[in-house]
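Just below sit the structures, each encoded as structure tokens.
Two complexes, one shared chain (chain A), two partners (chain B, chain C).
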Partner chain A sequence: MKNFLLLSLLLINVAPTFAETAYVSNEKDDTISIIDLDKLEVVETIEVGMRPRGIIFNKDYSHLYICASESDAVQVLEVASNRIIHNLPSGEDPEQFALHKNDRHLYIANEDDAIVTVVDTKLRTVLAQIDVGVEPEGMAISPDGKWAINTTETTNMLHWIDTSSFQLVDNTLVDQRPRHVEFTRDGKQLWASSEIGGTVTVVDVESRNILNTIRFQVKGVHKDRVQPVGIKLTDDGKYAFVALGPSNHVAVVDAQSFEVLDYLLVGRRVWQLAFAKDQSLLLTTNGVSGDVSVIDVNKLDVIKTIRVGRYPWGIAVKP
Partner chain B sequence: MIKYWYCFNGIIKREMLRFLQQKARLVSAIVRPLLWLVVFAAGFRAALGIAIIPPYQTYITYDVYIVPGLAGIILLFNGLQSSLSMVYDREMGSMKVLLTSPMPRPFLLICKLLAGACISIIQVYVFFAIAWLLGIKMTLMGYLLAFPALLLTALMLGALGLFLSSRIKQLENFAGVMNFVVFPMFFLSSALYPLWKMRESNEVLYWISQYNPFTHGVELIRFALYETANVNAMTITLVTAIVLSSLAIWGYDPKRSMQKGRTKI
Partner chain C sequence: MFILNSKNNDAKHAKTVSVMTFADILKRSGISKRLIGFSLLTLLCLGTTNEVLAQQSTPSLTVPIAIVLEQATQPNSVLTSKLHAQDLAASGAQLGVSDSNTTGRFLNQHFTLTIIQDNNIKGLAQQVADWEQQHQGPIIAVGSDALLSTLLKHNSAQRLIINAGNQSDTWRTNQCQSGLLHTIPSQAMLSDALAQFMVLKRWQKWLLVSSNDPQDQTIAASYKRSAMRFGNKIVGQREWSFTTDLRRMAQQEVPALTQSKDYDVVIVTDAHNQYGFYLPYNTWLPRPVAGTHGLTPVAWHHSIEQWGAVQLQNRFNEFAGREMQNQDYAAWLAVRAIAEAATRSTSNKPEELYQYMMSDKFELAAFKGRKLTFRNFNGQLRQPIPLAQPNALVSQSPQQGFLHPLTDLDTLGYDKPEVKCKMDEV
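Let's turn to the complex of A and B:
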């Protein structure tokens, strides 16, 4: 018994602790910063391809896909070794993407070519290229895997792509310059941000009708600087967080009543968002100030801002 | 020992009663920083800049920045006002009651300083409560840790006032103190703007502000409110408080005064 206790104590002491980490793409440094979410500090910086923007993990977090926009490639980073192991054919200037629930099909928005490229990540082949509007940007896949949604900045539309046929089947007109789309956990609503329009449009997925258009007004900030981009919705359906770009604030929205509850001050030109720690923390990439702000979701309070590289853009969290 | 306690208690009670009778004093002490917080800070909300400086962990608005500075301003004005009362007392002769006590003169003066500090701190916490209602909130621990920082800063500023009052013969001269001591101390400090911001425009003013003990008192309060120790600020505030208290005791030394024949006590 005594030996067992000693062994247990020894194991407790030597067992490595794996902290949750956030990966942040730095657009101007061509790097990825890794933040330890226990210490809330950068623990490693990895060099990657040119102008990394959108980043996403595969299902088991063994690989990180990186849109290296100016390398015209989606790079695959092996998380265990933090090395780029190969590139995927992505089409030109990949900016954002979404991974299908089958963990294989990557839907990539090619901004310069007005297409969405579907890539099989296992076979490393292009499965389809779908014509969409001008300047495709945001991508999201519905939780049931049925829909891939793409936003086009100049056409001001949400494009509904049937993932079984890779066909564009419908379009929804929203406010100017839609940048980002996000499904609710139950897949019943689609939230889309419009950067120049300064709004977030909530769409009913079944009918594809617009349910609500949310507007923002930050005290002391000119309305032209209120430019919604990243959106994150809590799984409990309570809050939606909207990054408001150069207004340097994140809006907290009641996801049921669509009422704006608060505006939280973060760094300059807040761009993308990601949840961490069972959604108790929300991380924001602040492009111009080169840092990541950490929001306590329960207290709705910004608790820390962490310096990363130049122009942080995308963010993904590994548990 | 009990006679010291009676004496201390008497001085505290006297100052407290005097303070409670002067309701306008409390109102004006609170209105002044509130004007800065509500009116001035509203105009300068976005003017602070983008650097994150300790003890802050993230970006803050201007109104959040100036709360510790405004607490310092309450202490500064009150410390000097307390010494104004010494000049008044001396002119009216009621100071005899205090200073002719058989207790040691340094003890009497330190009691007077502590009494003034207590009144100042009450005003600061009333101000913190109003700021809290306006949405500028610290943690409970922050408010508790601020107490020793406020006490030390209040003693330092009270000692400054006491020393100055020992050098002033008449009440009229006090206006000069306000113009040449209070306002420069207030504006040449980190109370209203971070010093890095001042350095951008004027290096000389930055260094003057850096050597201003009031800056260190304000920083001590600021760090304490955010549950962080600022050893540098604490050391400078403590040493300045000791030096100024010694000067005040020296200034009120009856032997010195009698030799010079410049006081009526």
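Let's turn to the complex of A and C:
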């Protein structure tokens, strides 16, 4: 009986951690806010390295990788204890990264150094450093694991890195200041945002040809302020969501016809996006207003704003 | 050394400098953060560093660029710390070539830079003529009206000259012409940028302090125009006529000079850095100082960190060992505009580069938060103007609420109806 009581107490204590959570990196606070997605409120704030930007989970969500740009490190947070357990050798000024489907190789964009560093997260060693253009930023790995794509902001290119050889094999010139890349679920298309160009380029992965260039027009906002950054594509192939930076809107794009369907007003300077709750919710980080907007994907409506730290940047969701 | 002082008139000796890659620069500068990082990484490294394969399939294209620097003598009353850096503008262009060659690697394009500098216009013209015997490429000019006139006269057809130093509005209103572009903001753009901010702050009563120096007078005239344009009022004017060194006397003299019943702000127009720095904190009324000193409208400032500018500032500091200044930025912009046009048009012909830059297709990301384009009615690069105090960025114009049918950037400087030149005439 005593044991049973103890066990029930333990279960009660443990229960809240089963809620789906979103981790948000606060660039200016050097913290990560954890949002409980049932309550839609911040339940915990963790101190991490300097200027945390890109964040991602490993496959089983036991670790969170954090680009601590000004600490020149990729930090590894143990999710169970919410503690930084070690740093990975990342190269200087890591900003964004992507994890290969082998759950081991982390592709890191080193913004100040014009290189992409590939790190083995298990051995904590550098496998390769690949020279790319000026100011590498966005990173994505194709679903089949064949390609690592890096964007360079001043060179205005998508660099195609063969993950089997760590060789750069091709480059695609896009509009000014490419920030973010995202593959479709089937791996057939690559979507890339150009912040200053104000466009999203859709590339056919097999031919590496540009299929379409999507432009945006937000009512009452000068086109120069429409600056696409984060992109998220729904698994059903229906929608693409594009964060439009200082225009404070998220564009809803028909992922088949590339037509812009709607613009949703969110917080100020919206940059990164993440799906939650089986893609029924979309979360946005709003840097200037210091909050996260919650979008209902089915209704295409903003349902809540959650205050986080200063300059929220990256976002990752743990089911 | 890679700053060339090519005073030699023989074209064979006018060396072409291919700007080093960053790895070279870092090697040259000795130990750097990156090298330390690298050594650590190498220790940890199991695999090997991969080299990039350029796309050999694309035909190679070389774009030779010359930067022509007129080295004016500086008055000896300038504070030592305010003297122009010897490599002013040249370092900006070099960094631009380095950035562009990183992109060029992937496209089989190469940019070279020849630095031509002298304090004598004739000497410069001769060196440019020598360079042109062997190269056909765009020229970046940093100098006086006389330098621009000489370059334009001498190089009439199929040219592309980008002005990265001269702020005179004459070149943007009456003397603008085909083949001449400007990446440095004009004087009117600067004074308009400040005037808009003053309206926003409601500091609309100005006390103007100037001297009888012709350049100071030009700047003062520009502020008078901007005051009128945006509804500010010049409530008084003072002439700075001190010929003595005021270093120990400013506290007594400046209050007397700026004595007046009422003003919101003192606007100073000291082109040669002779007296403007005496004004802040010494005025009769406790009022801010703006213009050439105090709060200044600029092309660039070392305190700009927004819009990803930290990366550019870091690259420049590491490269030149000093902070990036207006003319460095304008020269960097000139090279980046050339490279952008060459990359997109796959041409190295000056007239084709010019046509591309003036077309709707051209746009340039330049760490000012929005894309920059050229005004096709006078060749001026549209750009936001930062307003900075010595240690920080205060604001950036155009200010909200100043509207324009085409783009709010055209609320800064002379607009199309005010410009009287035909750009299609070569």
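As a working rule, the second predicted complex is superposed on the first by the 302 of 319 C-alpha atoms of A that agree within 3 Å, B and C clash if a C-alpha of one lies under 4 Å from a C-alpha of the other, contacts with A are read in each partner's own complex, and residues count from 1 in each chain.
The rule is simple: a residue touches a chain if its C-beta (ideal position, glycine included) is under 8 Å from a C-beta of that chain, and two chains touch if they have at least 3 such contacts.
Computed from a predicted structure; not experimentally measured.
Contacts of A:V252 after superposition on the shared chain: neither chain B nor chain C is touched. In the superposed model, A:G220 makes contact with chain B only, not with chain C. Of the two partner chains, chain B is the only one that A:G267 touches; chain C does not reach it.
Of the two partner chains placed by superposition, only chain B is touched by A:S289; chain C is not.
By the document's definition of touching, neither partner reaches A:I32: not chain B, not chain C. Once the two structures are superposed, chain B and chain C can be ranked by residues of chain A touched, with C on top. Contacts of A:Q176 after superposition on the shared chain: chain C is touched, whereas chain B is not.
Once the two complexes are laid over each other on the shared chain, residue contacts for A:K304 go to chain B alone; chain C is not touched. The residues of chain A shared by its contacts with chain B and with chain C come to none at all.
Residues 219-221, 248, 265-268, 289, 293-294, 302-305 of chain A touch chain B in their complex. Within the complex formed with chain A, the chain C residues making contact are 22, 33-34, 37, 40-41, 44-53, 55, 99, 102-103, 106-107, 308, 311, 314-315, 343-344, 363-365, 369-371, 407-409.
Residues of chain A touching chain C in their complex: 72, 89, 91-92, 111-114, 117-118, 120, 123-135, 152-157, 159, 165-171, 173, 175-177, 195-198, 222, 224-225, 227, 246. Those residues of chain B that touch chain A in the shared complex are 45-46, 50, 52, 57-61.
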